[in-house]
Amino acid sequence: MKDFVKKLETIVGEAFVSAEAEERYLYSMDQGTMPPAEPDAVVMPKTTDEVAQIVRLANEFKVPLVPMGGGLVLSGLTRALKGGVVVDMKRMDTVVEVNPASRYAVVEAGVSQGGLKAYLAKHHPDLKHSMPDAPPAATIAGNICIHGSGHLSVLGGFHSDMLTGMEVVLPTGEVVRTGSCSVSPQWFARAPLPDLSGLFLGWSGTTGIVTRLGIRLYPNYRYNDMLIYVCETAEQMPEAISLLTSVQVAEDMTPWMVPKPEWAKGFFHINIAFGAHSKKELIFKRNLIQESVRRLTDTKRAGFLPIPPVQKGRFMQIPSPDLARFADARKGGGFEYVGAMMAIERFPEAYARGMEIAEKFHVTYSLGARIIGAGHAMMFFFAYAFNRADTEDVQRAADALEETNRACLAMGGIPWKAELPAQKEILQQMDAGTVGLMDRLRNTLDPNRIMNPGNWEA
Amino acid sequence: MNAIAFDPDVCKSCPTVDCLMKCQYIAIADVAEARQEKQKINAGQDCRVLHECLTCYACQEYCPNGNNPFFVLVERQEELGLLPAPRPIVAEQLKMMAPKGRITKAPVATPVVNMCAFPMLTGSIRGRLFEGASVITGTDIFCNVMWLHFAKNSVIRERVPMAIDNIMSYYLKDSDVTDMVCFHDECYGTYTTLAKAYGIDVPFHPIHLFDYINQRLDDLADAIKPLNQVIAYQRPCSNRLAPGTDAVLDEIFKKIGAERVPRKYDRENALCCGGVPRAHQRDEFADDLVEKNIADMLDIKATYCVFNCPFCMATMAQEVAERGLMPILVSDLVMAALGE
Amino acid sequence: MEYQEILHRCFRCGYCKFPSNYADINCPAYLSFRFETFAPGGRMWLLSALMNGKIGVSQRLGQIMFSCTGCGNCVEHCAMPDFRDQLLLAFTAGRDVILETGMVPGPVRDYLTKVQNSGNPYGKSGSKRADWRPGTDVAAYNGQEYLFFAGDVGSYDPRGQEIARSVAGLLKKAGVDFGVLADGECSDGNDVAMIGEQALFEELAEKNIKTFTDRGVKKIVTLSPHAFHAFKNLYPSLGGEFQVFHYTQLLAFFLGALSFQPDAETTRVTFHDPCFLGRHNLDYQSCRTVLSVLPGIELVEMDRNRKNAMCCGGGSGNLFTDMISGGDDSPARSRCREAHAAGATVMAVACPICAVMLEDAVKTEGLSDKLQVREISELVAERLAS
């Protein structure tokens, strides 16, 4: 390993390689409950060429590589399960191009969500990208590669749906492009070519290292508003979601069910965000949304919370620090969630199971969802806070998460960015042909199986 | 349960039916129709008014006989289960505004200012205007009059005596204080008009903020630097429970050089701020109210839009400011005139 | 260690790395090194690991801990309201733990040794503290309204001495009644305290407090925001109660006493907020007030200003220890690029440490012909009517 580290230093410079105990410790885990797995070293490349050199070197030495963006996945996907080197991509932080006419941006893999947001605010204030609920340090590339979702997901689907192309260093060191940029100088779409981007989406860094990618941008409205729909039972939610999405006005819809504050406990809320170029248009859109569920609100079983304009700001903050603050719910710096992609009609069942599990394990919970597309699917999350300093509490949360993962699969859902135990559950339930194909693809792309080994292994 | 003080015979023989005829929100063709609606209400029957009522309290003021028409209407809404707002919204607000038992005994001294459920505004109690004031606040002393907007007289009957008891036993009694300044019209209306109508005993002496300020301005007369500004006043629904205090506000405005130029939607014709209709799921109607109010204020070329109700201010302030008016509370306007 | 109870509560969400709009990395050490270990969250987790025996004290840990400049960006932007105010205190406590093991990085050890032995980080005699004064007519302190405290950099660094002379000269012209001490002073100890050497800090502070008290000092005007912070916020708990001002606060107040030349050619000036005047003491205005009334100055803001200002990288002794190290992305070089990008030809500073750090960085960055670093009193002085 010493020789390997020395050679890494010649590629990226001495300052950006470390095999010190401190880096190995910190990069051995993330904020979630998965146990640490220490890398032998950490490297921080600055260019695609450096990444390619690192990958070729790793093949030569048969050293595993674990690509990492913001490191905020919470489910332990950037742990070096079989040792090797964590490739921290955050030095590749250039916004390469913004095309306002075709509304896309090309960014390097280390560009953070906050970084692109700020860049667009300064240089292209009429454009925005879909921000996940992760802290601003999360990277665009990492989030897209795990099929993330965010504040424009009703409008544009999963963040991976917003991808327009990629530059990837293959596990064997070749640099390839997918999407229009493989033919054209422009990065406008993945169509009409064979969609090779799929080889790198949802694979948890086992098929290559993404070095830059194109993403869709959307109009950044001058006027923005939000509504909070509330109803009394989980059974009412699928119909409400269906109606609210049917007018196709919302940018984002996020149901939430929380035990605190006390007044909200037992009620079912949906935050609905929308924007417009003018106040008139904004009110028109609000009316459309409200009318969509008029037959429900007229029964008095549901309605929209009256929120004074001055209090709406905190609901419209993107990203919201409230998410990070949930980690301190037990004064312990930890939370993790099962986010399961599910059919929307499963909402009541998912809620009921979530409550059962929270009660069974006595965990501090927050349940909610993000609607994907015009009511096409949802990411239902079961978040549990824990005290990092209390090993029993961490274990309790881990057990609750594992049971939740199994419950989601039983409901026909699929855990998102699944922890290792959940990956194994998914693979067990997966069509055998699909599992075989995944394995064949990995063997083809990565004959030495050096890419984030341990993940997605049947 | 105490019945609301109400004389059906007086109502029946009323020649004008002002309570409905003057209503700005419900279209009534003539006195005959108004009387018919009133008879249905009084008889406990479902009728259009019970559904269309904006719950603005104005009929309490319009009634020439002091016969509590609005309190009776709310009673009927609740009896008939005619909720103006969706159930989960009312249920959440009931929990949000419930007494939390977080109150602790504290000595107080005159003037005691009751900030009701607006702890975020305690910073307004400052300067010479409120020199030496003891501030009390929190949901444990919430006046609960808001339930008139939600057909919940039962909650008023349950919680108002609790609030009164808390005010006495946690603050006033041990300090041997009987006077309490009500920062919000709602509290004053609760502990005067409403309590009387509902047969609830009030063992302390509520003082309206306007009376308190008016008195203080006499004490601080030398410090007043007249503002010499045109103001528009957004009279709140709860002032309908104490309409006499509006004249005191005129005295205050006069003393501080704030010119309350006549406008269409002031005084008896005051229009709702639009907050409650939104809870009733009538946003478009609320938009219309806000627009009428602000256009009217702009017509008289007001500089300030003055509020006494913090809820009206929260509802309208942003829009008011965007349209070029400065939103401000009465107490802050007075403090500005005192150079603070 | 003190504040150990908050270490595990950090989620490492990373808000602490950025300014309010997330545009750039705003943690000096993280910008320089880029490993997660050097971000505030990394330090929290490593200290937690140290206390739990999962890692030991090492040279690398020393580098990680002592490269923090104490700029306060993390405190400003941390998402956790319940313990954000304690972040820097926890880092200081962590450094104290490392100091106690004796495994202290060489430059830090040398810094502390010099302060211990000489009362200043230059290792020079205390008797030379007033060497900046020749050529000025600054009086010795003898009961004047203010004591002027030039501090370590103002007393010993050649550039710092220039600044001290400039500020003192200007205060005189503005009619401020002040004097300086020729003996009895030592380092204000602010950065020693930040490093975690509390005993040495107390020794320094007590010496200064005794001197000031014995001489009847009531009001102090400081050259350095670091001394301003120490006197204002750290000395009172040790019995040192003085009215303390940074010189720019007095300048802002006494500006009316000065008359300026008629408008000259306009210069685009940007202002670099010193951490210990801005984030630590919330005075973002005094310096801007001074600059805004100067003729021939067009004040332009850098993207990162006020509570979002980027540190020069010199705090917590880093001017001397250079634990944060150079490199293309050193905070000072990053700041110079930002000033240049803002279209400024002058970057105004109000701290001698910032002046030294940024002047070096302008040269390294190759911007010498495009950007000058000027201290505020110098900008004022050259515009005075003769």
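Couple of notes before you dig in:
Chains here go by letter, A, B and C, matching the order in which they are written, and residues are numbered from 1 within each.
Here is the rule we go by: a residue touches a chain if its C-beta (ideal position, glycine included) is under 8 Å from a C-beta of that chain, and two chains touch if they have at least 3 such contacts.
None of these values were measured; they are calculated from a predicted model.
In summary, no chain was found to touch both chain A and chain B. Central chain (C-alpha centroid nearest the global protein C-alpha centroid): A. Averaging Cα coordinates per chain places chain A and chain B 48 Å apart.
Averaging Cα coordinates per chain places chain A and chain C 40 Å apart. Chain centres here are Cα means. That of chain B falls 54 Å from that of chain C.
Across the interface of their complex, chain A is touched by residues 8-15, 17-18, 21-24, 33-37, 42, 45-46, 48-49, 54-56, 58, 60-61, 64, 79-82, 303, 327 of chain C. Contacts from chain A toward chain C in the complex involve residues 15-16, 18, 20-23, 25-27, 31, 42, 44, 70-72, 88, 90-91, 112-115, 117-119, 121-122, 135-137, 321, 324-325, 327-328, 331-335, 387-389. Across the interface of their complex, chain A is touched by residues 83, 85-89, 91-93, 95-96, 275-276, 278-279, 281, 283-284, 287, 311, 314-315, 317-319 of chain B. Chain A contributes residues 230-232, 261-265, 267, 283, 286-287, 290, 297, 300-306, 308-311 to its touches with chain B in the complex.
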